[in-house]
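Chain nomenclature is as follows: A, B, C and D, assigned in order of appearance, with residue numbering initiated at 1 for each chain independently.
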Amino acid sequence: MSILRNALTIAGKDLRAERKSKQVLPTMLVFAVLVIVVFSFAFDPDKESTKALIPGLIWIVSIFSAILGLNRSFISELKNDNIQGMIIAPVNSISIFLGKFFANFVMILIVQAIAIPMLFLLFDYQFNGSLPWLLLTIFTGTFGFVGIGSFLSAIASNSGISEMLLPLLLFPIATPALIGIVSATKIILRHPDQIEKAYGWLQLVGGYDIIFFGICIVLFDYILEV
Amino acid sequence: MSFFKNEEELGLNLNTRTTLVNHIVYGIAFAMILVSAYLIFIYSNIEKTMGAVQKIFYVHVGTAWNALLAFGVVFVCSILYLATKKRIYDVYATVAAEIGVVFIIIVMLTGPIWARSAWNVWWSWEPKLTSALILFFIYIAYTMIRFMDGSWDKKARLCAVFGIIGFIDVPIVYFASEWWGSKFHPTVVGQEGGGLEGNMVFALVFTVFAFSFFLTALIHKGVRIEKARIELQHMKDKIAEKIGR
Amino acid sequence: MIKIQKLVKKMGNKMILRNLDLEVKNGETIAVLGPNGAGKSTLLKVIATLYKPTSGKVMIHGIDLNENLNKIREKTGYLPHASLLYEHFSPLENLEFFGKLYGVKDLEKRSKELIKQVGLAFFMNEPVKGFSRGMIQRVAIARAIIHNPLLLLLDEPHTGLDQKAVGILNDVVETNKQKGMTTLMVTHDFKQAATLCDRAIIIQRGIVSDDFPIEVRTEEWLLNKYNEKVGGEN
Amino acid sequence: MTFLYTAYSITMAILFGYIFYLGSKQTKVIKEIESLKELYK
């Protein structure tokens, strides 16, 4: 119980710091919108064939803006050795991981909540599938790569070139989740009649989420050790 | 010599010279590679539909299997390192990862040649190729962590953590890409191992073993070099300390 | 309070603490002296549970370091070089965040009290970002004692402080000493060490090379005693 | 047949190239150790 309470304290601290500094979230948002705009230049939004790109585009926007936030997640703790302040407090290391994860997760969900409707709007996409399914898919997929992403960002923050290192670590490891989630989104958006197939993909991503979230919790102690 | 007190403390047994055992290990490895060459080119039957090109398959599977084996060694040594914090496991993981990358590079190069001759395309998003590519990227990332600044024990810890995560990811990647490939690329791919004849199986098994032996010899040699480098670092540290006094 | 036997800490190839033994009784105020790179800060970090010892036995508050870290952490305050503070937060927010992690009761009251005690009542809600080194250090001191620790570890606390901040720091140590707090202070400031501490230990090359009570509370006496042992090393 | 020979020779070239690389690495380290030993005898 205290693990969760401390995690929420840490997540709250992160979100509060973000509210005060207004550095990461606006950057992520602007970046997400820019990616959408660039895409509308690259692929003609009026063409019917471009509609097929929307499912992939949702995740490209999400992942690339998520990387920006994940990068700052642990780097921001290095300035005054803040992370050491958390380590020497009577707090389980799992709380630190969970706290960081919650904060990142919330920020990325906010970005998605704004960027995805905007994407539909700018590409004039009429969504007539099942909204709960879409939300569930987005939630499951984001959970997976933000979880492992928060963990790998802690590894990368030890490097001098962490901004460059993190995508290299994250993309290969997150591949199964990405494959699954893009496929599921594709089915929900393009073939609403085959929804049971999307369910299969969601199970795969759900399994991935559970396995890797568990591993992250078990191994996080070794990353924090000084 | 006062410089060499730290060897036992490290748990490393240092000898940098080539010994008889090394010659024997290498000799057997080379001999097995030669025999496997004979098996591949002369002994084994030529496959009916694909012709001689099918024989790429032996080296391809041989290296792919051993790349996996090497990464398996990384995985096991990573767990052992985190559990015991003995440097020797980190040395093994370092060496095995490097050799694994070499093997996977071979796989990535021979794969397209096989694809070109079998399916007339250089690349296909076929599950085995896809997961080999991801595997390649995972261990490139692993090497990037190795090249980080900092003391060896910090790097060893981070690498061990990533080595564990990366290896667990492999079967999931394979499963995901197989499912993905089967749904979106229906029948580009023929079953390559469909009807292997007896002597083909023998050639394949022998080649895999030959490469495994080769892998063992390489790891052995790599570890000896790594140990020598650690000894060198120790000497330098001690000398620096003496000068510092 | 603290009982350390054969403590070894290796960082990479470097052996920083080599079989260090140390015993500290309840309520003592100890100056940890020694040349640069001798392992003073490392010793403090091991006691603060930031570094894991490579080998050896460490007992703090009667609890083994391998047994229950969080029990030790609850009762230990640590003030390192870095402030550990979040720049965008005000002193109050910083204290409340760390106070929550330590499970401090009546947190708001306690935080405000501490901020007044370190003389920053006027800046209670200003972000720490614009503060001077002296002001930051004052908040950092408050952070270190937010949970009323029984053991306070200070790493060069007097460096870069103005006269007033030094006064406040010494005050904090003195008042808490009367409440029974044990203090370990790594320092190069012999004047402060001589006035504040009852006992000094000298660390050289990773072991305690000397351990004596401070009998005469003057800078010269302590400096002489130190030079006798350490000699030309700085 | 050319495909087969290309694939096989690429494999062997990389493997033996790697052995060569290991060998040169080893010689370098051993040389350095020897020279340090000489210097600080």
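Following the convention adopted for this analysis, contacts are C-beta pairs under 8 Å (C-beta built on N, C-alpha and C of every residue); 3 or more make two chains touch, one makes a residue touch a chain.
All figures in this text were calculated on a predicted structure; none of them were measured in a lab.
Engineer: Work out per-chain C-alpha centres and flag the one nearest the whole-protein C-alpha centre.
Structural biologist: The most central chain here turns out to be A.
Engineer: Between subunit A and subunit C, what distance separates the C-alpha centroids? Give it in angstrom.
Structural biologist: The mean C-alpha positions of subunit A and subunit C differ by 39 Å.
Engineer: What whole-Å value do you get for the distance between subunit A and subunit B if each is reduced to the mean of its CA atoms?
Structural biologist: About 32 Å separates the centre of subunit A from that of subunit B.
Engineer: In whole angstrom, what separates the CA-based centres of subunit C and subunit D?
Structural biologist: Between these chains, centre-to-centre, one finds 52 Å.
Engineer: Report the inter-centroid distance (CA atoms only) between subunit A and subunit D in whole Å.
Structural biologist: Each chain's C-alpha centroid was found; their separation is 43 Å.
Engineer: Tell me, which residues of subunit A touch at least two other chains?
Structural biologist: If we look for residues of subunit A contacting two or more partner chains, we find 225.
Engineer: By the touch rule stated above, which residues of subunit B touch at least two different other chains?
Structural biologist: 150, 154
Engineer: State which pairs of chains touch, listing all of them.
Structural biologist: A-B, A-C, B-C, B-D
Engineer: Considering the complex alone, what residue numbers of subunit A touch subunit B?
Structural biologist: Touch residues, subunit A against subunit B: 148, 151-152, 155, 158-160, 165, 168-169, 171-173, 175-176, 179-180, 183, 197, 204, 207-208, 211-212, 215, 219, 222-223, 225.
Engineer: Considering only the defined contacts, which subunit C positions touch subunit A in the complex?
Structural biologist: 45, 48-52, 69-71, 73-74, 76, 78, 80, 82-89, 93, 97-98, 100-103, 127, 143
Engineer: For subunit B, which residues count as touching subunit D in their complex?
Structural biologist: 1, 3, 16, 33, 37, 40, 52-53, 55-56, 59-60, 63, 99, 102, 105-106, 109-110, 113-114, 116-117, 214, 218, 221-222, 224-225, 228-229, 231-232, 235-236, 239
Engineer: For a test of understanding, state which residues of subunit B touch subunit C in their complex under the given definition.
Structural biologist: 150-154, 233-234, 237
Engineer: Can you list the subunit D residues touching subunit B in their complex?
Structural biologist: Touch residues, subunit D against subunit B: 1, 3-4, 6-8, 10-12, 14-15, 18-19, 22, 25-26, 29-30, 32-33, 36-37, 40-41.
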